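The same subunit A turns up in both complexes below, where it pairs with subunit B and then with subunit C.
And now, the complex of A and B:
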């Protein structure tokens, strides 16, 4: 297999066949590798970044380094390796994000699951069957300007998959609904679950404790945020031990040195890596999935190592388990499915890209000390009273909603120095205001849903290329008007909460139109290879199997048909288990066949 | 169906891009490898930061360093709350950053074409931070030489320095050589604050001055004893990655 390019020849080495090749060894790749190796399959994972583990890479001697990890972004995908371009709408020319800002994709073994905060939610049945639900309640006209779609699954089908992910990860929380019985102290708006979380909620710091008191006084329903920062020592069902979170305040953007934050490293890899039928090849980038001439069957993947050597890895199955955006780009680069065209609405790959619609509030006190550095990524309180379909949208001019979260995750001083509006940015007056506000400020935020529109999508950039000459992914996105109205309404509710704290002053940061790629907002990029009921409007079926190439499964938040007002990882983990079950119990009996007829 | 014919880079192009990445990193070259059958473990494979030691300049000329020390001392003036930006080592920090992967943008996407872009699309110019400081400091001193009677920035009185910085921040000054005043001011402000608040191991925040000022305990990693002591001051002084004040030799 020689390719002539100019005067150079690239030799591709053909490797021995494997049963399964997995692209990316993060949360989903690790879970699927573990599940499929249990059936005796020979599995290889190909990971673009390095091997990473706790003692060597998140070392307790220096893990707490804000400059290195939070500012210089040592653990993240570096734009030199792969950038993306962005624009707000098709009238603009997309430009490359020369540094990642608004979101921070992961890199290396563990993926973005290394540097997450650990909020672990279940999406609701009213999300999975969103069109049925909203049409029944409010009529089809209400959602006519959105491209909402049912996901092809019901919430109860995913319950055991959510449960397994939460027990794998040792999630700390309080159930709000066990088999239909509302539980005091939990989230009364959640769907029924079969049992409580594996661990009790974390001990609360001062700010969320106060937030719970204030919101209760306003007749809201605060509850402890379900957290992958462990409240107690834990041994998970694979026999892997984790330690109690020490609330060090170095969570998001950092690996955990304490074995206290759930990740592939702390929950799966110690068992997976010992299996003789599993292998990971690190620092090796998959260039594309190779299809046969019919374009209906994947033969394997082609990847390149750090020496520039190319390999073809034949496999019976290909599982795309990279970050959601990378899954979508790999499909496009491989010719799996048809790329979405916002002009005609045809094509499925790149369709229904969504993000997250957030806003913030701060309350400044004179007489309180919140010790902001005593914190963990998911240590806090949430109110879901205005989230999803928990409230009546009948008289309102939008659909969707937001969780309101008081989760003060750190007091790291390069980035976390709140000051009241109007404070100078430097000089003695700046310093006085900074010192006064550092310990005495309480922040809370809304994490809002992001609903699809015809014009928000992913495709390949016509101009900018990566280091191999492949086109970069192009993101065309702005906050839809529906979501801006939703966020304004929720933010108005937040202002009422902020006033009720009785601080010296408060400040509200609403969400405005014009997505800005520079300031950090959220690494919750969803969609682009969405699951659904219909191959004309979805890229994968309910089991995350490609409609077009049935021996390819595409696992991750790329499958979300919209994004809810919740962090995606819990649902990503559940979908990984759901896909694994479908492969083990159905697909392997009839390999290569679609699990859902088109 | 759309298909994409990919032009692959030549082996030489690819190898040069790999070499570039390796030179930019602090650690040994990372090579592809296969791992199976056990969790890999190698002794001493961790990668701690190296303590920056003040003394001499690796990037700045002495003249540039004087300018930046004057800037750092106005952005973070010495007062009752802390030492100033110069004494805190903010310019030593900056100097060392500018000779590393930050200074040369080696981790960023630096392929053309370069076009102005919209504010929502972020920084789009080809210049690296190192190039921006070289040009920006020269432009700042060129401006003050013209507008302030031949004086360089560092030679101005503190009030005059503050006035110049405020005008830079507001974009009211047009700097020579097409240096964008507001953008250069924001770069300096960002980096000086990084140096002041980062772990002292990087050359700034001398004696953990900023952490003591705020009451941030630094690299402590376990607050379980204090988590339920709501609204009560945390009793312990800060520690750095390199250890506590008491361990540091002077």
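And now, the complex of A and C:
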């Protein structure tokens, strides 16, 4: 076998067959590798980035280096490895993002699960069956401008998968609803869960404590944010120990040096890496999945290592477990399914790309000291009163909602520089203001849903290519009008909360139309290979199995048919377990066959 | 994987321990198979691989050089290869080597090969071990064990050494003690050769028998006191804690590091529960080392104050402000025996170079202590060690910066 690249002919080494090849060794790749190796399958994971573990890469002696990790983004995907192009709508020409800004994909073993904050949510049944729910309550006309779709799965089907992920990761929280019984102190809007979280909530710092007091006085229902920063020492069901979080405030953009933040490294890999039927090849980038002539069966994957040597890894099953956006692009580059066309609405791969619709508020005090450096990524309080469909949208002009979060995740010196509006951007006045505001500012934010439209999608860029000559992924996205109306309404509620704090001054940062890829907003990029009931409108079935190539599973937030007002990781973890169960209990009995008939 | 009836499953089990049994050997009489399996267990008790297998090499084909105070010795090839291993030996030769320190051709062995311990082994155990060693894959790998300088390279000198330091003879059970105690004593003194590392040495390199198991330096670590001494030994550990440590490498008090971590991975974690319990029973009954704790260095001592500041900045996130650590993850320092040894060699090594726990079925996390040598000066390392050795009820001699410098 050889491929022509430029003037060079590259020889491809054909490797011995494996039962399963996994692309990407982050949260989902690790969970699936663990589950499938338990069944005796011979599994290899191919990871584009480097090997990383706590002992050698998140050393307590230098892990808390804001310049290296937060500013220079040491753990993230760099555009030199893979860039993307972006535009707001199809009338524009997409241009490459020269640096990742609005979102920061991970790189290396553990993926984005290394550098996350740790907010661990369950999406609700009203999300998974969103069309049924909204149509019944508000009529089909209300959602006519949106491309909302049911996910093909009900909330109760995923309960045990959510539970397993939470116990794997030692999530610290307070249940709001156990088997239908509302629990004091938890989230009263959540779906029933079978039991409480494995660990109690984290000890609250002052800002979220005050936020809970104020929102309660406004008849809202604050509760501790479910956190993957551990409130206590924990040994998970795999026998792996984790430590109590020390609230150092270096979570997002950092690996945890204290074994206190759940990640593949701290929950799965110490066991997985010892298995004789598992192997990981790092610094190896999968170029594409190889299909047979029928285009209905994957033969394996082709990858290249850092020396430029190319390998073909034959396998009976291919699991795409990379970051969601990369999963979508790999499908497109491999010819798995048909690429979505917003003009005709035909095609499934690239469909229903969604993001997150956020806004912020700050309250400036004269007489308070929040000690913001005592913090953790998910240490805070949330109100879900205005999230999803927890409230009546009958009289309103939008669907969806937002969680309102007071989660002061850090007080790191370079980036934590709150100043009230009107402060000069530099000079002694700025210095005085930043000193005054550092300890005495409380911030909270809304994390809003992002609902699909016909014109928000992913495809391959017609112009720009990567270092291997493959087209870059093109993102065409702007905040839909529905979501802007939703965010404006929720942000108005936030202004009421901000006033109720009684500070000297407050500042509101609403969400406006015109997505800008430069300032950081969220790494919750969802959709593009969505799950669903119908192969004409979804790329994978409810078990994340490709409709088109049944021995390929595509696992990750790429499967989300829309994005809720919540962080995606909890639902991603649950979907990984759900897919693993389907493979172990159904697929392996009848390999190569669809688990859902089209 | 637990059945021993099928040669394939046995071979797979043996491989997982790094020791291969040739399936053909098992086709022999059932009692022979039984001997081989028992012999393989003797190889685990004796941890032959620790010295006789180099990392990545074929099992028992010769080890890495051992640095002794007298010079370098290389553990030889003990596979059944005729030319370079022990393939031309007889069982009698082998017994003579283990019991008397005399090899096949009358060559005197050096006691880096712990025949002063193996001499306590029973003939039956040695015979079974021999049967097992005959089944190991033969590897051609000539090793010149003797790398010592003159005059130590003269093997006949060991004749005199043996006269002074070596008492041959099989272990004699003490009928007044329990079966478990006697079994534990047999393993500790015989095949387990615990004293080889843990007993202080005379100027001639022999075990200081009056101070058996009271702790000794080796290879830049301090093998601690493992007698029943209540504060620097394992006297305050429960039997369950000793068993958990030997089976998994970690318990609520500590996590194994250095050569002990290797011994746990290859040997004690694979012993039967009964044998590990017996070791605990025996060790707890032994005495040694000072009965009285020294007085701790007062907290207002300048070194203690400096050490406290460094501890709270650098160490407390994992080991806790109270020194209590976290189970299976961060060893407790408060009340820790290794922290209070007379020698701080292991502590220096851990701070300067770091350490990672071994993986066993019972302790899977493999947490690591990072190296802090690059960010702490000699004075700072000394002060923080003085602080942890004299806080939370601990008491031990102070550590000076020159000690640290010598270990960098």
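Quick notes
By definition in this document, the second predicted complex is superposed on the first by the 594 of 598 C-alpha atoms of A that agree within 3 Å, B and C clash if a C-alpha of one lies under 4 Å from a C-alpha of the other, contacts with A are read in each partner's own complex, and residues count from 1 in each chain.
Just so we're on the same page, a residue touches a chain if its C-beta (ideal position, glycine included) is under 8 Å from a C-beta of that chain, and two chains touch if they have at least 3 such contacts.
From a predicted model like this one, the values you see are computed outputs, not experimental measurements.
In the overlay built on the shared chain, the residue A:270 is in contact with subunit B and with subunit C. Contacts of A:463 after superposition: subunit B is touched, whereas subunit C is not reached.
Residue contacts after overlaying the shared chain place A:79 against subunit B, while subunit C stays out of touching range. In the superposition on chain A, A:259 contacts subunit C only, with no contact to subunit B. Of the two partner chains placed by the overlay, neither subunit B nor subunit C lies in contact with A:499.
Looking at the shared chain after the overlay, A:536 reaches neither subunit B nor subunit C.
In the superposed pair of complexes, A:512 makes contact with neither subunit B nor subunit C. Of the two partner chains placed by superposition, only subunit C is touched by A:238; subunit B is not. After superposition on the shared chain, subunit A has more residues touched by B, the comparison being subunit B against subunit C. Contacts of A:59 after superposition: both subunit B and subunit C are touched. Comparing which residues of subunit A touch subunit B with which touch subunit C, the overlap comprises 55-56, 59-61, 244, 246, 248, 257-258, 270, 274. On the side of subunit A, the complex with subunit B involves touching residues 3, 5-8, 10, 50-51, 53, 55-57, 59-68, 71-73, 78-80, 83, 86-88, 92-99, 101, 203, 205-206, 209, 244, 246-250, 257-258, 269-270, 273-276, 278-284, 287-288, 295, 304-308, 332-333, 335, 338-339, 368-371, 373-374, 411-414, 417, 425-428, 431-432, 434-435, 438-439, 460, 463-465, 467-471, 514-518. Those residues of subunit C lying in contact with subunit A across their complex are 314, 317-318, 326-330, 354, 356, 359, 361-368, 370-372, 374-375. Across the interface of their complex, subunit C is touched by residues 54-56, 59-61, 233, 235, 238-244, 246, 248, 257-259, 270-271, 274 of subunit A.
Residues of subunit B touching subunit A in their complex: 1-4, 6-12, 14-15, 17-18, 21, 29-42, 45-49, 74-77, 79, 81-82, 101-102, 105-111, 113, 115, 117-124, 162, 165, 169, 189, 193-194, 197-199, 201-202, 210-211, 213-224, 226-228, 230-234, 241.
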